[in-house]
Structures are given as C-alpha cells and as structure tokens.
Amino acid sequence: MMYDWLFSLTGNEILAMFIVSLLPLFAFILPFALIAVLAERKVSAHMQDRLGPMRVGYHGILQTVADIIKLLQKEDLVATATDKTLFNFAPLLVFMGSYAAFAAIPFSGFFIGSKIDLGIIFIVGVTGLVVAGILMAGWASNNKYSLLGAMRAAAQIISYEIPTLLIILTIVVLTGTLSLYDLSEIQTAYFWNWLIFGGPFFGLQKLLLIPLMILSCLIIYTSTLAEVNRTPFDIPEAESELVSGYHTEYSGMKFAMFFLAEYANMFAVSAIVAILFFGGYQSPFGYLGNSLGWSWLVPVEQFFWFTAKGLFFVFVQMWLRWTLPRFRVDQLMAFCWKYLIPFSFVILLIVGLITLM
Amino acid sequence: MALKTEEMVLNMGPQHPSTHGVLRLELQLDGEIIIDVVPHIGYLHRCFEKHCEAMTYPQVIPYTDRMDYLASMYNEFGYAVAMERLLKIEVPERVEYIRVIMGELQRIASHLVALGTYGADIGAFTPFLFCFRDRERILHLFEITCGARLLYNYIWIGGLSHDLHPDFIRLTKEFIKDFRPNLKELNDLLSFNQIFIERTANVGVLPLETAINYGVSGPNLRGSGFKWDLRKDDPYSVYNKFDYDIPIGTGEKGKVGDCWDRYFVRVKEMEESLKIVEQAIDTIPDGDVTSAIPKRIKPPEGQIYTRVENPRGELGYFIISDGSLNPARVKVRAPSFVTMQVFSELCKGWMVADVVAILGSVDIVLGEIDR
Amino acid sequence: MKTAEEIFNKLKEKFGSSIIELKTDKPLEPFILVNRLEVDKICLFLRDERDLLFDSLMNLSGVDDANGEKIKDETGLETINGGTLSVYYHLESTNLRHKLTLKTSTEREKPEVVTVTEIWKGANWHEREAYDMYGVVFLNHPDLRRILMPYDWEFGYPLRKDYKNPEFYQGMKVPY
Amino acid sequence: MRDYIVKFWQGLFTILIGMKVTFKHLFVPAVTIQYPSVKPQLPERERNRLYVNMDDCIGCDQCSRACPVSCIEIETVKSIPGEVLGTTSNGKKKALWVTKFNIDFAKCCYCQLCVFPCPTECIYMTDVYEFSEFSRESLVYDFVTLLPEEREQKKKNFEELQAKKEAEKIAAAKKAAEEKAAAQANKPEEPKSDNKEENKQ
C-alpha cells in the first residue's frame, strides 16, 4: 500500500523502497525508544514511591536526550584482548535482528512495510539473529561473566521460541493465514471479534475458544517476554550475579545500540501479541472516520489504536519488571519445558479439534 | 572415556554488586555448579582491637559503632552491658527501657536492610526501596534523639548521652501504626511470591548439628529450627519484663533451615520487635539518664565475656582490664565472622545464582567480619 | 547445670596433671588453666561427656599477657621478651545451659597450642585470627594462614604489645 | 500431577497479587525530596560540623583529651600578670591565651565526645553538613581569634616575662650568694669589733 503510493509519488522504485524501509526506523522506533526509556524510569520510580528523573526538562522530559548525548560523547572502550571484529559487529547484529521484525508489522491498514503473506514466520525467524548477536558479544568481550551471560541468553531464547511457535501454529490453524495483515483484517468490527474473545466465529465454537485463547495469550506473552530478556527472565544481564551479562564490556555508542535494540524488541514483541490476540490496528468500537465519512482518517485511527495497544503491553512489561524477582537458569528451563510447551501442545490439539467441528 | 571438564575459577571479587561489602569469593565452578567456595576476607580490617588498647573506656564506644555499621546501636548496647557487669554499676530503670526500645528499633532497621538487599539480590528491586523507605523513618527517630543517623555513640557506660526527644514517643507510635500494613505488603510482594519461593526454598539448607558445631547464632540458627535467643536464654537488661516469642524456621516452604526459613524468621522477628517496642513505650518510667555515668572509669583488674542478641546473631565482648584507664584487650566475637565459616559448606553443589541467594539469606556485614 | 568447681574437679580426676589450676581470684568468671598440648583431648572430653555436653565454642581469643621483662631501646620503643601469650576458650552447652572458660598459655618466642578445629569446626577461623594477630601456631590446623592481614605481611604480629609499624609495605607508606 | 497444577496456579496467583501491590503504589505520593532545591529540615540535636565559640574558650584542653581520634590541637600561652583577658559568658576569668586551636575535620568522626566535658560549653555541634573541600589540608579549621602577629606577640611577651623572671631569679640568687659571701666576710670582723667594745667598757 504505502510502497505503491510512494512509487506513484516518486516514480523511482529504489527511492520508494528506501523510504519505506527507513520510515519505521525514523518515524516510529527512535521516538518510541525516546519515550520508552523515560517511561521505564518514570513508571519504575512511581511504583517505588519516588519521583524518577526530574531535573532535565520539565519533570525529566528530556532525560533520554541527555542519556543519548552522554552515550555519544562517552569514550568507546575496546579492551585489548577482545576479538575486535566480532566485538564491533555484535551490537549491529542484535539491532538488525530486532529492527528487521518491523518490516512485516502492519501499523495500520495503509502503513505497512511489506505485506508478505509469511509475516509471522518471517518475524520469528529474524529475531533468531538476536541470539547470534548476543553469543558474539558474550564470546568477543573475553570476560568470564559475559561468557556465562551469553551462554544463558542463547539457551533461554532458543528454548522459548518453541512455545511461541506453537501458539502461532494454533492461531494459524484457527485463522488459516500466516500474514499479519490478513490476521488483523479478520479481527475487524468491535472487540468481541478479536481472537482473544474467540475470533470471528459463531455459537459454540466461539464459546469453547475463549478460555483457550486467554491461556494461549498468556503463554505467548510470557515466552516472548523471555525472548526479549525482560524480567523475570533477565538472567543474561542479571545485575546481582553476572554484573551485567553480555554487554558488560560495552560502552558509549555500542551500548546505546544494545539499549535501542532492547526497546525496539520490546515493542516488536508486544506488537505481535497485540496483532495475534487483540486485533492489531482494529479499533474496539468502530471508526470515527467511517461514521464521519472522511476516509483518510481511518488509517490514522488505526495507527493510533495499534500504538495504544502496543504501549499498553510495553507498560505491562515494565510493570512486571518492577514486581517480580528473577528466575534461576535451570528453573527458567524447567518452566519452559515442563509448563509452557506441554500447555501449548494441548491447546494446539484442542483448537485443532474445535476447528474441525 | 569421561568427558574431561575443566574447572573454571570465578572470582566474585571484592567489588561485586551482591557481596554486601568487600568480600572476595573464589568459586571453583564446573559449568554453573559450584564445587568449592573459598572466601577471602580482610579487605575492611581497620584494627579495631589495636585501637581499643590505645583508647580510654568511654572512647571505645564510637569504635564499636563502626564494626557492624548496620546495627551500631546494638554494638554499643553489648559493650555497655559488658562494662557495667565488669564495673558492677546499677543503671536506672529508664535507661534500661530506652536501651531496649532503641535496640529493638535498630533490629527492625537492620532486618529491613537485610530483607531489602536480599530481594534486590534475587532480582526484585521494588521491595528494596520499600524497605529503605520504612527504615528511613527509624533513622529519623534516632536522628532526633541523638543527632546521628547511622553511628550513634548514644549508649554510654552507665547511661545514655541524651534523654529521649520530647516527641519521640508520638513519632514511634505513628511509625508502628504505619509499619504493620507495610510489613504485610512486603509479604505479599516478596515473601509469598512463587518465583521468590522457587529461588529460596530448599536452597542452602543449614542442618542444625553443623550450625551448633560452627557456633552459628541468631536468625541463621533459628532458621534451622532451634529456639535459641540470648534475650531469653542468657537474659540481660530488662528483656524479661516484656512478653514476646521467638520465631523459628518451620520448613513451611521447603526443608527446615533453607534460605526461605532464614528470611521468614527475620520477617517474623520484626513483628516481635514491634511488640516489644510497643510494650516498652507504654510502660517507660521516668528518671535521669545520665545519673549513673561514672566520671573516671578505672575497672579492677579482671576479665569478662558478655554476649547480646545482635540482629545478626550472638555478639560477644571479651574485655580484659589491667586496672589502668585503657582496656588491656577487647576481643569481639562477631556473629557474621562465624556465619561466614559455614558459608562455604552451605554453597557446595548449588549454582552461581544460588551463591548470591545464600549470601543474601545469611546476612553478613563485612565491617563486623574484618573488624 | 554445673558450676566451674564441679567441672574442674571432674577434669582434675580425669586428666590429672594437664589441668593445672582453677583461678577464681580475678573478678567475674573463674577459668581453668590447662596444659597447652593437651587442649584437644580435654575439649573432646568436655564436648562428649554426657553431663557436660559443651557443644558450641562461643569464642576463642588470643591475648598478650605482656608479663615478660621490658627492654626500652634508644628510640623509646620497648621490646618484651620472655613472658607468655595465652589463648582463652569460652565454651557453652546449648542444652545444659552452662558456660566454661579455659585458658592455655605458651611462651612468647615459640608459641604453640594444639588446634581444636576437629572438635568444633567453628574454631578454624578464630585460630587463624589468633595466629594472624599474635603468632600463636596451632599444631595440625587444616590451613594456618593469615586471615585479616594481607597474606604476605611479614612485619610480625600486629596485636602484640611490642609491635612496630613497618615504614613501607610493598612501596606504600604505612603510617600516613 | 496435583502439585504441578497447584504450583502453576499459585505462581500465577502470587504474581497477580504482587502486581496489585506495585500498581497501588503508582498512585501513592512520592516520599523522596529533590535535594538541592528542597533541603531536608534537620532536628536541633543534629551532629555535623563542630563550632568553637573562642570567647568562652579557656584553653583547658578537655576536649582534645576526650577526642578518640585526637583531631583537636590546642596550644596556650600564659598571660602576663598585667594583661586583662576578659571573662567567659558564665563569669569565669580567663588566664590563658589560646594561640592555636585546630580541628581537623578530615579526621573528626562526629561522635560528640568533646562537647560534654567542656566546662564553658564553648564547643558544640551545628547542623551544617555541606562543607566538602577539594584538598584535605583545607579541612583543618583554625578557630583562634588572634591575628598571627598577635599570637607571635603573645608568645614573645611570655618569653620576655620568662626571661625577666629568670633574670630576676639569677639576680636574686646572685644577691643571695653575695650576701652569704658578704655575711661570711663581715662575720670575722664582727668578733673583733665586739672585743673592742668589751675593752672599752
């Protein structure tokens, strides 16, 4: 959609493709990261009865700008014994992994990177790059703590991809499409058509699906939380044990790259959960644009609803971070293999039977 | 042919976020499993005992504060009780009551630090700040009474440096009224959280025989299910005038004597201390607090060993006087010093993350270990 | 619940010569003077005897009695030679609720006392500290090293009365 | 199997309780204050920086003896009989010039042991806690109110007085020696003079 509109505008394929691929980064991820870093510190502050950053700008608004400037002018330390090429490439790979996921995410009916019909599988595949980046960072910084952290991160992310995939399979079995755009289109018109409330089906089928969908939403939310290394699964950068895991040796712009990747990943993950279960960019109670007749308002409303849902889930991630303690590595694995995977298999089985009904 | 695995020696070095001070743990690791822990101490050694030999008796008190800097009121209390027994001084009733109130408030403050940092070690950062917010109220109480927040020099030999501040009683009552719901909230947030239980139950179990053999004391010993509290078993001051009971580890969430038991014993102990403070506040007699302070302290030649129930365990003072103005020898039996010996036995076979959990549950302070 | 005299008599008829005497003249607690090479046998008996059951060692502390003859050299620093270093053991029985103090003293030049680590494992670090501070060598101690001072501190034993601070320690000025 | 389900359910349940607690705290007002702009209100018994009111100080050296870290150095000079040093607030006459009164706040441990023994209560603790410096030497506070020249002057006066006293003493001693010598010298003459008187009678 956007690509065609831009192509008609500029007439030059490469330019249009270039703009489309850069738009999510500059239009969405950087502003989001700006807000998210500040929001995390403010939310955590108020949850702990304190005020959080108050000095830079009114109530600490410009705090993230200050952070970025600090990180920019910080000296970019590279320890002598590190493996230079891997050390420098790792943050890029981690950011590439999480930024590429935004290509297939439909921000609104009009504003979508590329409407590939393998959307969800592409995203899961691309976020696999992050594991390679983390392992590279852990190994290259030649420090025992980061090595331990990287090992843990690799084991954790790989094993938590299985429940994510299984839940995605149940959604695909249910709706029959892999493309995120079609998934969002299926869940149109009012919130009870969202997949969390059983999707666009009728009668007994919908009623049976509701508990399963709620449970599978819970499972995919926890497992994607683990993929992003957020508490209670933030063992790779467990401050109290491993100082700060794989990005101990990084400083300056490289550290900012890791930081940005983490927040971009956070939003990507909550966007996936929003699309799969909460109707992507569909508004819960109809569009103002349709009732008022302004057709250009609908994509804007869709964009608004999409970011609202995404931000809500990001808030829940922050909320969890400041409430829960941290898992131990073997408990983390046990939780994934003994609880999430069996549950998601059972759900996949039952949903398969229901769709046959 | 068995796979040859090479042991990795990891230094949880003196500067590490969760070693509660400057302690170096040399871990021999096989992957993540710990084969052996060798603690190295001495980084915070300030020759307390050598100082004491050059100081007069009242001048030693500011030094006792700096030993266990999280419970310095109780260090002074121990030293004062030891000296009063050596000099056979009778202290007025009001002084004893104020000392009990201050000691128990200090126990709550010290436990709050222990529980808060323990939550932060396991990963939950919010309870840490809740605990420190409540502890701030207690430090304010100390500040209005004797002027200092952490190192008080308040309990002197034979009395106190200041009397209670006029609105101390009112502020303490307010604190107690506000603190109870906060304690319940802390329980909801941390103690009964399934992940916290998962991380602490059945971890680092301290069997009772090794505990007694090593001489472990305080919440760590009571966590292993042994009802032993010096306030009742070797009574000093006016503790026998109040009724409170001694919480012990019951193995509620796992085996008796695991990290969770030691943690929960401290939570229940805080409730008991609240009870003591309440009773002491209501029945505090009047009187002058500085009447029994001797002008020049020259004890007869002799030696005495006295012990008090410090928030971290049994704090013993062994004082030898040779009749002069300065003590000949002051040896302090620090509870954390003894607990640190058991630590390497507690950690065998657990994982790196558990070393942090066990170290947090054992609640040591390096100022006391290194003296 | 046994008093010091009863315990002393019990030990006297069991060990005879190695229990030297019961001192009650100095105020407060009486203590039993014990021969320094028999300490572990006595402590094992104290721990395992049915009606003594001293199952926990509260405190083990080294003391410099400073009773040797003092020689003042030209700069006014005195060195003591002769005299004794002594080690105090404070024992306690948690179920019979009674306490006991033992004392052994060794001469200053070659201080040696038998270790009690096999009996109470808690004594390990206390003995290492007594060695670190006073130089009392505990025979067959598992690993007798310095514990509080730096491991390679070879300027003598700090808590002795005639201890002099070294001028430099590995290039760092010691008294600032 | 039963505890498998119970553990899962209990885990979920306790997580939700924990989240309820932190959510409730979103709306609790913050307890922290913005330090540089909002200064904490300190109680009046606060123990921070020492202050010595030199008018009342009689140089009795009690505080420096009571200090565990000996961070107070005092030097006094006796006053010449003629001088008037004024009286302290509670009427005690001062007899010593205090020529040096330094407190080294880098060493001070703020334990207030020096405040109690002071007879004229001239040393007490204020609630000033922001006095950090760039160099350790500038933390050594000099409380003496005399100008450096005056201090030298006082010392010189006292030395002169000492010298004068010595001189007098030597003189007195010499005089006494002479008298003694003179006494012996005229002792032999006196007996002669007595004989003459006896002869004359």
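Every chain is named by a letter (A, B, C and D) in the order it is written, and numbering of its residues begins at 1.
Definition applied: a contact is a pair of C-beta atoms (placed from the backbone, for glycine too) under 8 Å apart; a residue touches a chain by one contact, two chains touch by 3 or more.
None of these values were measured; they are calculated from a predicted model.
Comparing the chain pairs B-C and A-D, the larger number of C-beta pairs in contact belongs to B-C. Taking each chain's centre as the mean of its C-alpha atoms, the one that lies farthest from the centre of chain B is A. In terms of their C-alpha centroids, the spacing between chain B and chain C amounts to 26 Å. Note on chain placement: the centre of chain A and the centre of chain D lie 66 Å apart, centres being C-alpha means. Centre-to-centre separation between chain A and chain C, using Cα means, comes to 65 Å. For the pair chain B and chain D, the distance between mean C-alpha positions equals 36 Å.
Within chain A, contacts with two or more other chains are made by residues 47-50, 322-324. In chain B, the residues that reach two or more other chains under the touch definition are 126, 133, 189-190, 193, 195.
Touching pairs of chains, sorted by label, consist of A-B, A-D, B-C, B-D. Of all the residues in chain B, the ones that touch chain D in their complex are 55, 58-63, 65, 126, 133, 136, 143-148, 151, 153, 161-162, 165, 185, 188-190, 192-195. Residues 26-29, 55-59, 61, 63-64, 66, 88, 90, 94, 97, 101, 120-122, 124-125, 133, 146-150, 158-159, 161, 163 of chain C are the ones that touch chain B when the two sit in their complex.
Chain D meets chain A in the complex at residues 4, 8, 15, 18-19, 21-23, 25-26, 28-32, 34. Contact residues of chain D toward chain B in the complex are 7, 10-11, 14-15, 17-18, 20-22, 25, 31, 42-43, 45-47, 66, 68, 109-113, 116, 125. Taken in their complex, chain A has these residues touching chain D: 43, 45-51, 54-55, 319-320, 322-324, 338-339.
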